[in-house]
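Both complexes below contain chain A, partnered by chain B and then by chain C.
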Partner chain A sequence: MNTAATDPALVRFGRYLRDNPVVPLLAFLLLLIVMLEIMRPGIVTPFRAGRDGLISAFWVGNLIKFAIPLAMLAACQVLTMLTAGIDLSAGITATVAAFVCATLSSIWGVAPAVFVALSTGLIVGLVNGIGVGLVRVHPLIMTLGTGLIATGCLQVYQRLVINAGSEIPAFLSWLGTGRTLSMPNGLFLFVPFALFIFWLLRFTGFGRLLFALGSNENAARLSGVRAWQVYVALYVLSGLIAAMAGLLYLGMIRQTSLSLANPLLLPSVAAAVIGGTSIFGGRGSFAGAIVGALIIRVLDTMLTLMQMPEGARTVLFGAVILAVTAIYVRITASR
Partner chain B sequence: MSDLIRKNAWVAGLVVLLAALLAITKIIQPSFGASGLESVARAALPFAFATAGMAVVVIVGGIDLSVASMMAVCAVTAAVLMEKISGVPAVMIVLALGLAMGLINGALIVVTRVPDIVVTLAMLFVWEGAALLILETPGGSTSEWLQTGIRGSLVPGLPNALVIIAAAVALVWVPLRRSRLGISIYATGSNERAAFRSGVDVGRTRILAYGVCGMFCAFGGLSLASLTGIGEPVPGPYLMASVAAVVLGGVVLGGGRGGLLGPIIAVFILRIVRTILTLLAVDPNVTTIIEGTIMVCVVMLGTALTLRGARK
Partner chain C sequence: MSGTQLLDATGIAKAFGAVRALTDAGLSLSEGEIVALMGANGAGKSTFVKIITGALRPDSGKVLIRGREARVGSPAEARRSGLVPVYQEPSLIPDLDVADNLRLTDTRVDPFMRWVGELGIADLELSDMIGDLPLATLRILDLARALASKPDVLLLDEMTAALPTDLVDRVLKVTREQADSGMGVIYVSHRFSEISELCDRASVLRDGKTVGDLKIESGVEQRAVELMLGQKLELGNRGVAETRSRTEAAPRVRVRDLAIAPRVTGITFDLYPAEVLGVVALEGQGQDELFDCMAGFLPPSSGEIEINGKPADFHHPADAIAAGLKFVPGDRADALLAQRSVRENIALPFSARLRNWGNLKLQRERERVAHAIEKLQIDTRAQGEVQRLSGGNQQKVTIGRWLATGVDTLLLFDPTRGIDVRTKRQIYPLVRELAQQGASVLFYTSELEEIALACDRAIVIFNGRVVDVIDAADADDQTLLHAAYGLTAQEGAA
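Here is the complex of A and B:
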């Protein structure tokens, strides 16, 4: 490979970044944290504000805590984007699972409630998978549509259980709000989950099929891949992950609402995109999406600290997503 | 040639479907007449404009997720402006604003080379925030003549709302469709590389197509403000509905095929379905489920038909 020696340094650097998208992202994350520290001295490093400790475990724990549900929903987007799809029903699926779990817990008990909540995710995913895999509807349209149907079903369901009251299962609040060694308990769910996703993408045939279908669907088909089976499995998995994220978020917020996790949907797409996952399929990593989720949370904190009006925060949020993606596209010189 | 026949067959099918649905409405509610039709057309007006804008960008091969937010910006701008200045200049300013927002969307897509869907997703936040900055809570007012003009029927049996959408499309799209730009839009949507090698300025075409979309969104925002009499900074449910209507209207996602007539007829079909369900005294929440199911089924059927057509 003597081409590497003749290429200008910048091109080589760009190629390195393209192969390791997490490196520049981590640098960007650190830069943001430094900026945050400059804006509000002592928020990250308590010793500068005259308290004990080099780095505030509380602040880091909080950051991770709120990034976890976002990163889980971003996993749905990464997995589906690998096959050039997207799951826009993930936010609503999470909301439905959370609402169903909270209301059924007071009627049937916790275990059946969690089971039913997860199966709602499975059903939404199955419908998405059939639509995308068998009927070949564009994933964007299919998941928007199932999201709409799920919203309607949720509203009808809410009428049925309006008198039942709601109850947040104790283990979910433990998972959502509790801390062990000042790190959020959500990590007990998230670390195994993240390892599972890494294993799935890197070491299993299923993971390779996702990359294959996203890179060139016709080639994959001609190589004997039964694409529809992969799609159905993929969207069912995505639905289950979304439902799980919804349950965790329920434990974190400890309130039921008909739009609980919906505001997380677009940031989850943003986290996946910032994390270097190509919306055209075939390229992406979950590690990038996790860093992307952390970046979004730090940005959120910064905008809150600046005491921006709601509107200006939303504007800046959009502008940053666009800027990061644009810089990223420039550096890696690919779409 | 066969392509032309298939496209027209699709629009004709939509017209038949619309007529059948109107007949069903008449059977369910024998008193359904001009006034019922007028209220359907009025409710469909913002949806129709959002759909027209979406259709143009889908034809050029993109998608604009920020239509609802741009409509919100235009609606609040109109409501704020009309409190201070008279209607006509305000309308002109809002239309220019819509065009500018669309051009910004398009320019960002072309300059940054980030996929349409990501750019417009980011711009969805930007415009939504801008609407909140202009007007934090619903308020403002709209000119009297706009509010009265959008209601009723000057010509009996022909609702004003229908005339407005027809006039807007005729003014913007019909001259464009046959112009150099219109043909470039279809060429870019069909095959961007081929269009580029045939001498089409692909970047300029895409920017202008997004500009046209923004202009339709401005019309949509104006009609929204006129219908409610105030400006509402929170975007309505127009994104979903416009994508559904565009697909139902025979515009192929991915670009290059379809027109504006089909999608606009599709908007009316979707609204009539809602009217029928309301007349049948169906729970409004169940209506949402049924609407969503219809949308998904229609898109599935449409995709299956397109695939079969492609295989032949």
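Here is the complex of A and C:
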């Protein structure tokens, strides 16, 4: 079986890409940026448009700023997909957290509002975890169901607090829209968060178990893993992350709505998949999903610049995601 | 009674990758004949049956049906040429009722119901859901459906397994009657009593070759056992060092009257510290359930397991592991994270418990994994993904996982199946060494000669019960095979 020495170069290259899945993604991201620059000279490199600067810090900062909430929701998808699950309630959980936080801030003050907002994420996650881990409902169905329930609850809640008005906590605005050295302040949240996820997946027993459950749940059981414990912890964590992403997004958009972060859900799944996370479990990385989120943002900008009608943009967006994923899977498939 | 020749298969060979399942198998069958197809575990029976019935294509060899070369490329073609199999697993769809299942195969209802009655099932309704019926009934329905299609050749695969005695008698009677009216029957079975009662001839497979065609007469059991064994490949010196006196030590595992629905009815044995206890059984005698139960995957229906004097109550494999029972399953695919590294696979149990979910203790992990790899001589050139390892090395990883955690009691289910001789030779001394260090090992193997090579004693399981306990010193293949077929030494010699 051990033929590494005699493998043709192509196979070895494929294996290299497979072991370092972020490399081709970064290359693709750069390619997209170059294409964007060709379409609209000067957007990335101001000097070509006669202004100062080699690379526009403003543009890069903007790209990163809007990729952050997407990447955080993509973390929910990566973590759950590693166990062959998915979290379709992440978008609405983020929306609920944002809405609750905005409305309660004007009544109770900021700290309790943030606390309650995060708790809603925890509760949705707990219900998901119990459903998936103990009742053994398929994650797709379970999170779809809790997502719908949360949507309904949010509508009821809105009627209760209709007169209270809303208020965006100042620190969330600072985090969402402020800049430090032209980089978005959101990085103050995101960098520690990303390090935490890397640590979790690489250096903890819990991370190992996520990969193990997604690779072969039976083998994990055989080794003494009580799978339900892992699922409950996983979905609670996913709910908390979604709520955090919702708060950040609230500070960024500075509006409340009943569907604030919902449109981010499917792009978050796409970011995870483009980033090399297998929906069948056992394979994936958060680094890939971050690059995936950046790719989606650049694509979005490109399609906007093309000034196509909304429908055509969406079609093209879907087609590109399919193409990227298909090529990527082809390159890195096991041989 | 030999009429027209119905089936003549000659020179059938089939390989799966490097494994040559069949090298030269053959079988002929005439009208009115019942031929038993026999062979020890792994002799190639299932592959041969699948080829005859069109489920697999042979690499070489010919199958003649009524003298014409048949290209049985699919089970449907085999059916059309009159060859109908009844497999151990009923081929009925659980979510449909009886009538719908008949419609799927274009079976006419009247003859089907007549056969159902003939075979002793009185209260069947066409609207009964298949999923609600007991296994024994399903097997009868499968047989009735086959008979209703008026086959030329009927293939019965362990037809009487899972049937109560009264139904067995009915099935044998009907089969005989059908043969007398001209049908040919291939009867795959482990049960000598039925074979000698029912069959005209027995064809014996060994290591993928048809090695004999016996007339059924008195003393045929002895001859069949000899043929099934043949000259076995010598695997090396016997590793049994000493037979310990076990009287002073208390047993580590006591199993009493263990029953596990549906197949295991009474298993009792003691497993001592520093002992390798072999388990000898033909396929499907209840050994799978025994191991699954001891590993915490399957609850017993009655009886008890005691570990170090404490009754075991396993709800999850984690409970069994906590009690010291470490299980290596028969199918490596069940035990491995195929896409993960050797290290992660071996270290998996370290992270299993809630309190070990935090920071990995990488230093300790590296040491223990390295120790297990060295101990088992795992070839780690392709350690990035376990699926890139050879079968033997994969098996070593599944054992190494438990060596790394420390072993009290190891449950090895056929650990040498499908692996190369060199790896096998590394596994026996390892098992012996574990026992010498005080571990208890329960060792099921489908290869009889391994009992003498690795074990101190062996229990023999037949039809869900322990029928014999054999000391390794007396465990020559003949004795074991006789016992495994539920025969005593006297019967065999008679």
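Here is the rule we use: the second predicted complex is superposed on the first by the 331 of 335 C-alpha atoms of A that agree within 3 Å, B and C clash if a C-alpha of one lies under 4 Å from a C-alpha of the other, contacts with A are read in each partner's own complex, and residues count from 1 in each chain.
Keep in mind that, in the parts below, a residue touches a chain if its C-beta (ideal position, glycine included) is under 8 Å from a C-beta of that chain, and two chains touch if they have at least 3 such contacts.
This structure is a prediction, so every number in the text was calculated from the model and none was measured.
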Which superposed partner A:V269 touches (first chain B, second chain C, both, neither): first
Partner chain in contact with A:S223 - chain B first, chain C second, else both or neither: second
First (chain B), second (chain C), both or neither touched by A:G282: second
Which superposed partner A:L305 touches (first chain B, second chain C, both, neither): neither
Which superposed partner A:G205 touches (first chain B, second chain C, both, neither): second
First (chain B), second (chain C), both or neither touched by A:V23: neither
Larger contact residue set on chain A - chain B or chain C: B
First, second, both or neither for A:R159, with chain B first and chain C second: first
Sites on chain C touched by chain A in the complex: 295, 297, 316-318, 321-322, 327, 329, 333-340, 344, 347-354, 356-360, 362, 379, 381-382, 384-385, 387-390, 401
Chain A - residues contacting chain B, complex: 86, 131, 135-138, 140-142, 144-146, 148-149, 151-153, 155-156, 159, 266, 269-270, 273, 279-280, 309-319, 321-322, 325-326, 329, 335
In the complex with chain C, residue positions of chain A that touch it: 1-2, 4, 19, 203-206, 208-209, 211-212, 215-216, 218-226, 229, 233, 282-283, 334
Residue ranges of chain B touching chain A (in the complex, touch as defined): 63, 108, 112-115, 117-119, 121-134, 136, 233, 240, 243-244, 247, 253, 283, 285-293, 295-296, 299-300, 303-304, 307
